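Before we start, here is the structure in question, set down as structure tokens.
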Amino acid sequence: MSETNPNDFNQPDELVENSRIPDDDLLEAHTKTFSKSEGNGQGNLVIPILTTAIVTLILVFGGNYIRKYSADFNPWVYDENGTPPNLDPVAEGEVVRSLDGEKLYKRNCVACHQSDGKGLPGAFPPLVGSPWVRGDPERMVAIVLNGLTGRIEVAGNTYNSIMTPFSALLNDEEIAAITTFIRSNPDWGNNADRVSAEQVAATRASYERSEAWKVEEILELFPLE
Amino acid sequence: MMKSLPLVFFGLFATLALSWAGLLWQGQKQLGGLQPMSEYYAIDPISNKSRLEKPQKDEDRFPQEPVGLAQQGKAQYINLGCVSCHTQQVRRQGFGADFERGWGDRQSVPRDYIHQKRVLLGSSRTGPDLANVGQRRESPDWFHQHLYNPQSVSPGSTMPPYAFLYEKREIGQNGGNLAKALELPAEFAPEEGHEIVPTLKAEALVAYLRSLKLDYNLPEMRLPDESQE
Amino acid sequence: MNTPSTTKPPAAAQLSEIDKAMKWPALLFLLSAVVWLLTGTVFALLTAVKSTNPGFLAGCEWLTYGRVQAAYFNCLIYGWGGNASFGVGLWILARLCRKPMPMPGMLLVGGVFWNAAVKIGVAGIIIGDMTSVEWLEMPTYASSLLAFASILLAIWGTLAFRYRQPGPVFVSQLYILGALFWFPWIYVTAQIFLFVDPARGVVQSLTNLWYAHNLLGLWLIPTGLSAAYYLIPKILGRPIHSYYFATLGFWSLALFTGWGGMRHIVGGPAPAWMATVGIVASMAMVLPIVILAVNHHLTIIGRFEKVAASPALRFVVFGTVSFTLAGLIGCVMSLRSVGEVSQFTLMGVGHVHHWIYAFFSMIMFGAIYFMMPRLLNRSWPSGKLIQGHFWCSAIGITVMLVALYAGGWIQGLQMTAIDADGSLVNEDFLQIVRNTLPWLHARTASLLILAIGQLAFTANILWMIFHAVLSWKESLSSAKSSLLPETAAS
């Protein structure tokens, strides 16, 4: 490689782009501006004022914007103007209202009683218009909690199968919601009282047992109205 | 001007570390531990623990794990680069017009994505948002027709046809496949005596698209009341 | 043409030595960069044509829109952007360290690995191994190579700075060191959080946004700024205006950039504070933008005849003006009310091109026009081709930006417009898609103009290399003929 100075091509600028400062001078010239804060003469007052103004603006704007729109860095707020959602319905006593008995029924009951509540002829008894689900709520809650076996007569037909206990699968609020949905479903011709979680809890406490109810036991405790 | 290498590097490190800690570490702390949740029960926002006394059953907890075929379809979605034109995030009501366009009944929230091994929020809406497409479009046929040739159901669309995910077969060969064959308008249909049949890749992709649904409630984000009826 | 300072013999001889040590690595990076630029443009044209004519080459799975589009961005960012920023950045770093740098082999190894990684990565995208994570589409078997190469190059840069000739430090060095150090960090972090041990849910997206924003803001942008800071005073022979604010500009850019990416998640599935913080950080970028604008533009003011005559400076000045514009547009687009419309539209693509092409690439072109004569020790064969490259690039990118910004804004307005009773103004989504078509055609045209410019650039480089090889052969044969008698004698 030749030893010519690449800074000094002596060629037209359009073809090589001659440089006008060697790197040493470039570094020195700029370092000087630090020691004397000289720049190249002009703008020495304008630029610091401008910078200070911008920094102040950023601080004021940023501080206000964050204070206003960060919702206290709450992970549950997605709307910068929003308030945190109520994640504590238990304390507000809203569970029963917000529980959807129909959904719970669909998830837990339709396999036997069917989605129309009419059961399967010869296998599973209907809930539509059934005296067993109306009247004393404790009867129905007790059956849902602990299950039922034996011959049972509903609306003129006899059935003999097993109902599984739900006490371990559903909590008081859920059972309250399901039984309320069944008992007060106008489409099914039922219009009995709502069932509260407290009632379920009370029934659960008074009839703790390991095997399913027999039909006779239920009839003895809670005779059909 | 800084001359000392360690000092320079400390500065370089500190500036980026700040944003890393503030956004990613903090983000991981707030969102990294989210669990599927029943729509009914509260979670403690601080400890992230459920207030429920007994454990919830899996089928009550949302979002639910996607099933196998949909997972395979997601791999197709990824390797075809669908994300370059489709987002998967419903923006909140009043911000843009996602609700009005029918792209979702509620906004997407971080918990919706916790089961996804690859999160595909996307950054371009050349095509519509797909976060809830499984609820918008019920029929698998529509998806197949649209993928095979978008013009057949969305004339004027700029989406490319994915005909290479489909096979053209002679009718009657291999015992015929009429049930799976695509019903296409005349100008898109193959020549007489042939039918278009989805490959496994296409079936999987459609299964994935149909699995994209925002139809469940979460403690922090509920569907509007009327859609629950 | 000559100024007294350039005739100082000792400095001149030393600089030549520095360039000699950097010759092969710099040539490797720069020539690879040009090849990737052209490859990227081919993919870009395919993408653009496919976006208006979806049936074009649609039968081929490998060339489906999603893959071609990802291949385009990876060629552009890692192929062209990476190679150009290493070639230009490391060369400037070596020059400002004012010492012939040892171990050019390390750079060559890094460069070979980097290019192999991009090649494998782009091939992986095309054959269907892509990850669909924005700007990290390369499959992991390529990204590990890429990470290795970038770490190697970062180590070299650190050593070069550590063993520089004692003396003052120039702000370009800070920018280059920053870019060299930040890239491996964000890249490895993103790989770990996204692929090695994927973070849960949306944390992945946050990582992706943080990465993509920093890839531009802490890698390509610093490299471009370092070249601008170096070339403007060098070519004008005039120190940077208000240079004593340059350090503040650098550190404020470093501090704010990292947070800015979160503005893209506004309205989306993340806590509101994240977007808020991102917006504040984006607005705070006004500080570095103003400082850089003052430093760059005020140094140029009154020297326009030099800009017009100079091949490199034209490009650099275009790039610095684009920096100011892209920066301010970024501030505006970060605001919630603007982002509501511009989010998810062509404006995003436009803004990315504003940074990558109108700012970064233009400055890199300028730097390459300055470097190549010094690396090959010969002048450019054709000034006309340089002119042609400049005007094609300037016009092409302007047309593209206008098309994407205007088309995107209209697209966004149509997508979000709601009338008084809460129903959509433009109900038909497909009609909105159709309305973008004229703008997309304009983009295709702009890409063709850019491609013509790139061909002029490539032709000039090939011509130059051809001459260099010819004269090298000549000198070789003349050396041989002068050697022959000696060997015969001995």
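The letters A, B and C name the chains in turn, as written, and every chain counts its residues from 1.
Everything below uses one rule, namely that a residue touches a chain if its C-beta (ideal position, glycine included) is under 8 Å from a C-beta of that chain, and two chains touch if they have at least 3 such contacts.
None of the values given here were measured: they were computed from a predicted structure.
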| item | value |
| --- | --- |
| Category of the chain touch graph - line, ring, star, complete, other | complete |
| Pair sharing more residue contacts (C-beta pairs) when A-B is set against B-C | B-C |
| Most distant chain from subunit B by Cα centroid | C |
| Mean-CA-position distance for subunit C and subunit A (Å) | 43 |
| Centre-to-centre distance between subunit B and subunit A (centres being mean Cα positions), rounded to whole Å | 18 |
| Rounded Å distance, subunit B centre to subunit C centre (Cα mean) | 32 |
| Shared-contact residues (touching 2 or more other chains) in subunit A | 31, 34, 74-76, 78-79 |
| Set of subunit C residues in contact with two or more other chains | 168-171, 269-271, 277, 336 |
| Set of subunit B residues in contact with two or more other chains | 1, 30-31, 92, 95, 107, 109-110 |
| Of all residues in subunit B, those that touch subunit C in their complex | 1-3, 5, 8-9, 11-13, 15-16, 18-20, 22-24, 27-28, 30-34, 77-85, 87, 89, 91-92, 95-97, 100-101, 107-128, 150, 154-164 |
| Contact set on subunit C toward subunit B in their complex | 50-52, 54-55, 58-61, 64-67, 69-70, 128-134, 137, 158, 161-162, 168-171, 174, 177-178, 181-182, 185-186, 189, 193, 198-207, 210, 214, 218, 247, 251, 254-255, 257-259, 261-262, 264-271, 274, 277, 281, 336, 340-341, 343-345, 348-349, 415-418, 422-424, 429-431, 433-434, 437 |
| Contact set on subunit A toward subunit B in their complex | 31, 34, 74-76, 78-79, 84-85, 87-91, 95, 98-100, 107, 169, 171, 173 |
| Complex interface listing, subunit A residues touching subunit C | 1-31, 33-34, 37, 39-40, 43-44, 47, 50-51, 54-55, 57-58, 61-62, 65-66, 69-80, 82 |
| Subunit A-facing residues of subunit C, complex | 1-3, 5-9, 11-13, 15-16, 19-20, 23, 95-96, 98, 167-171, 230, 233-245, 248, 269-273, 275-277, 279-280, 283-284, 286-287, 290-291, 294, 298, 309-313, 336, 369-370, 373-374, 377, 379-381, 383, 386 |
